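Mind looking over this structure? Questions follow.
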Amino acid sequence: MEGLWKKGLAALSSTAVAVALLAGCGGGSTNNATSNSTGTNAGTPQKGGTINIDINDDVAHFDPAVAYDQGSWEFVWGNIYNQLLKYKPQTTDLEPDLATSMPEISSDGLTYTFHIKKGIKFSNGDPVTAQSFVDEFKRILTPSVQSPAVGFIDPAIQGADDFYKGKTKELTGVVAKDDYTLVIKLTKPQTFFTKVLAMPFFSPVDEKYIQSIGGDKAFDHKPMGTGPFMMQSYTPGKGFVLVRNPNYYDSSKPYLDEIDVHVNSNQESTALSFEQGNTALMDDYTQQIPAQYYLKWSAQSQYSSLLKKQPYMGIEYVGLNTQVAPFNNKLVRQAVEYAINKDNAVKLANGRGQVTNEILPPGIQGYVQQLGGQDDVNYKYDPNKAKQLLKESGVTNLNVTMIVRNRAPLTQIAQSIQADLNAVGFHVTLKQVGESDYLSQAESGKAQFGLYGWFADFPDPYDFLDVLFNSNQAPINNWANYKNPTVDKELQQAATMPDGPERYKLYDKIQDQILDDAAWVPLYNPVNTTIHQSWVNNYYTSPVMEDPLADLWVSKH
Amino acid sequence: MNNAVLEPSLSPAAGTAVKRRMSFWRFARRYPSVVVGGLIVLIMVLIALFAPVLAHYDPTRPLSDGLSQMGAPLPPNHKYWLGTDTEGRDVFSRVLYGARVSLEVGFFAGLISLFIGALLGIISGYFGGWVDMVIMRLTDMVLAFPFLLFVVALVAVMKPSVTNVFIAIGVFGWAQMARIIRGQVLAVKELEYVQAARSLGASAWNIIFKEVLPNVITPVVIYLTLAIGQNILLEASLSFLGFGVQPPEPSWGNMIQEGMAYFQLAPWLIYAPGLMLLITTIGFNLLGDGLRDWLDPKVGR
Amino acid sequence: MASYILRRFIGALVVLFGISVITFIIAYAAPGDPARLIVGAKAPQTVVDAVRHNLGLDQPLPIQYIHYIGRLLHGDLGFSYHNNLPVAELIGQRIGNTVQLALASWIVEVILGLPLGIFGALYHRRTADYILSFLTLVGMSMPVFWFGMWLIQNVAYGLGILPLGGVGGISHLILPAITLGVTNMAFYQRLVKSSMVDVMSQDYIRTARANGVPAHRVVTRHALKNGLIPAVTYAGMDIAQLCGGVVLTETVFNYQGVGQLAWQSIENLDFPVIMATVLIAAVFVVVMNFIVDIVYSLIDPRISLS
């Protein structure tokens, strides 16, 4: 019923980002623009035109310091706001955006110096300076703003903790050296820090404007930034209108004059509107293509040629709480690994997913497709082996409760898993929960197990392996309550060591260990299914960023 | 809510009115609703009781050949009479088992409402004064609540399960019952022989059990029948919103909810449970209406 | 009389107070931590604690309640946890839609219910009566959401003439109004029928008919006039309840009204919005109850004595 990654509070589905299916490559520095562009880009881009888009639910936040879900990032990231760095279209490679070049990084890896392009203006005409960035860092670290991004820079940036706790008024680690030079100092080296900065949290903001409209709460719905689009009007519950930002620094963009965004919780009616030629595009960031339309369109040639499938940089998995009975027993966890038929899960998603045996998703550097390790951790469906492991474990109380979000196809998949597990001797009770309840249940550390999901914030193994398995993240993000001192030490090492093959080898080793301990049953990498009108040109999906609204142009139709 | 319809306007003596004997066919001609409604209810009860015998497949277990290659439900065929659902389970078997949940929730929620409502209604009506006032304000409160929201919130707090669903429905469904019974008690209290008994010093409980209770049984039976129908609908609504009976346990409401994603491609998913729901509710409403016609001389004249 | 009005007024206040307390307790007991929900899963515990403190959620329940009521009395409904908008604004955006739908549905209920009731009374205990009664019974027995889905599939989608959902103009009102109208018409049909049957069996009507006054004149002159009274009083409560928002219909039709907002706020555990929507629905009913009581007592002074 709902969009696949429903909005808001589900920060874990935060950056559901599409991944190009990179044939035989570990992601990273690839440029395969041809393999996943739409093939309908005829002619030269033309300026002008208006498109209609439906979204499943109201955009929760337009304030870049607060927005942290897929539905908000669709419009905040790269559209109303932009940042120092951005990802090259269809890659996981960074390039300068508001910065003139990639940052100068000191030899100890602690100091990042950015030079900011001159002449950049906010859409209201106010100039952008290095201070505009400092202001945003300070906003994030101001408790009343309620930014979820605090964890990305506190304690990573010097002085952040003191500022957050109100001990100082100055943020010593983020300094505007002059109007066009921004210096950021870290407390310890962080290999992936530039990727952190590319997230929309760290957009320049106009503090003068924020004060003029009445402060942070008002700013959440009257956004004003440096991006190619600006908001013209907004009606809560109904939708909003984005128009071209006349002050955007790249005068060639955007192509579109206007984007009309409508809130419509009824996917079926969006699909019908698409058939009628009204809605310009549908995908998991805006309005998910409903299952029955996906099946119908797949079978009709005028639509099937417009359907595209791109795996996400994300994963759906069964998380087993390693500290709670009966899953505190490794043999029981391994039994679960063998008991679940992952193909069924993908079938229930109408094939909109690909089965996986590892934690890292395809497209991210470190993804290996076939795991190594001493023992085979590419568990295959084998109910007899599962029964045997359960017998070996000697555990007799196999009554367990599984948490699942109240949304198709997850509830269906959970029921299939339930049937699989019951077949080998478990007695599974399902607990369907709403999106918000889901979070609090899972992170309580008490839930036995659940059908969970995780999506990359930025394309680095850290965002999966460290955030989800470091014992210091338990149980808030580490829902498996996984605690392994060796893994902790290796994670610490991998986070700070220089980027390169050695680092990914170490992550590989960590992955093998976690799966040998069977903390997770990786199920599948979901696939973003998209469709767009034939007259919408230059539509593509990127591994990291969401829809390229500024690059779209429409031909006469 | 809906008080105008559910309140059987009974004269106090209705319950004791002696019915003339008449042949079944004459009765059926005069009170067709009782017969038709009763028959529907009887059939549903039998379906619920004998679901395990009638069903061909396990209602909770996905069938290995229950889905198409693309993961779509199968249309009705000679093997799966009502097709399969989004999970690849036999819809016919699920619809039969769904009857159990619906009747269970409808009946037990009705009983809980009846118990609370009868207790408060009798106390309120008999003792009057400030007790009456407190109870009646409480009744107003419950009636002023957006009922569905309230039950949803309550179920959310208690965790959804069959038991909690009927408790939640029952706990907030008593207000109507209390009002009806209070009205009956007030009327009975005024009857001469009751007045006489009171003046002769009969104890309150004595009067309540001997005089009041027999007089409220008829409206209670009628009300209960109608309430069961309402409760069944309410359970379906809760399940539809995801706060009712949890999968894989089939309930007509959660079957419709799951089927919604395929309403064009697989309409049988919403028609099969929807029609069962409709027929069952019609059965209880017919029966309740018919009983009122039959037992209440005022309306039935 | 004045003392009766005062008594009823105090009673209404007590009811509203009780409702606010019960809602508050249920919301407080609900699973999920609002502070955690606001900042998302990845925020460190210190941020969560800070937010909880900012919102006063770390204080004991009675204190929180007193603060809430204090703000409420100043007209401050607070801010949505979900998207930071003022709750008053969220409701203001939607209440108009809900009232429109309420009136449209009510009109359909009456248009269908009244004639059915009148015919039912005229043909009491004849075949036509049984058929009509059965039809209204079917309407009353249908699950609202199921009937709504059916209309969407067969009328909006099948015929392609009406929108599948949403708000905006009369065309968007038709299907949800029919959904509510058909499922609720039974109330009017029954009220009108039973009171008209009552009236028509009165001696003076019988006499009139025996004296050769045409049936339709008897109906319009006497029976209808008297038969409508209970329907009119029921209409007050009915409209009040519809104005409080209709969760299922608004959800099925993606109708942006208060009912949909209430439902979404429960899903999001958006506590300030839950409180506001429940209270508003209750206020409609309580106020209408109060008005009906007072009007009744003016018509029939005996009531105020009881």
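For reference, chains read A, B and C in written order, and residue numbers begin at 1 within each chain.
The working rule: a residue touches a chain if its C-beta (ideal position, glycine included) is under 8 Å from a C-beta of that chain, and two chains touch if they have at least 3 such contacts.
Predicted, not measured: the structure shown is a model, and the values here were computed from it.
Two chain pairs, B-C and A-B, are weighed by contacting C-beta pairs, with B-C ahead. Ranked by distance of CA centroids from chain C, the top chain is A. The distance from the centre of chain A to the centre of chain C, each centre being the mean of the chain's C-alpha atoms, comes to 41 Å. Centre to centre, using the average C-alpha position, chain B and chain C are separated by 21 Å. For the pair chain A and chain B, the distance between mean C-alpha positions equals 46 Å. Counting partner chains per residue, chain A shows two or more touched chains at residues 268, 434, 437.
In chain B, 156, 260, 263-264 are the positions where the chain touches two or more neighbouring chains simultaneously. Within chain C, the positions touching two or more other chains are listed as 31, 152, 157, 251, 266. In the complex of the two chains, the chain C residues touching chain B come out as 11, 14-16, 18-19, 22-23, 26-27, 29-31, 130, 133, 137-138, 140-146, 149-150, 152-153, 157, 186-187, 190-191, 194, 197, 201, 230, 234, 241, 244-245, 247-248, 251, 262-263, 266, 274, 277-278, 281-282, 285-286, 289. The residues of chain A lying in touch with chain B in their complex are 1, 268, 290-292, 295-296, 298, 344, 347-351, 406, 408-409, 411-412, 414-416, 418-419, 429-432, 434, 437. Interface residues of chain C, counted against chain A in their complex, comprise 31-33, 36-47, 50-51, 54, 79, 82-85, 89-90, 93-94, 152, 157, 163-167, 251, 253-254, 256, 260-261, 264, 266-269. Contact residues of chain B toward chain A in the complex are 60-62, 67, 70-72, 86-87, 156, 159-160, 242, 246-248, 257-258, 260-266. Touching chain C in their complex are the following residues of chain A: 8-12, 14, 57-61, 63, 66, 68-69, 143-144, 146-148, 150-151, 154, 164, 217, 220-221, 235-238, 262-266, 268-269, 272, 434-437, 439-441, 443, 457, 467, 476-477.
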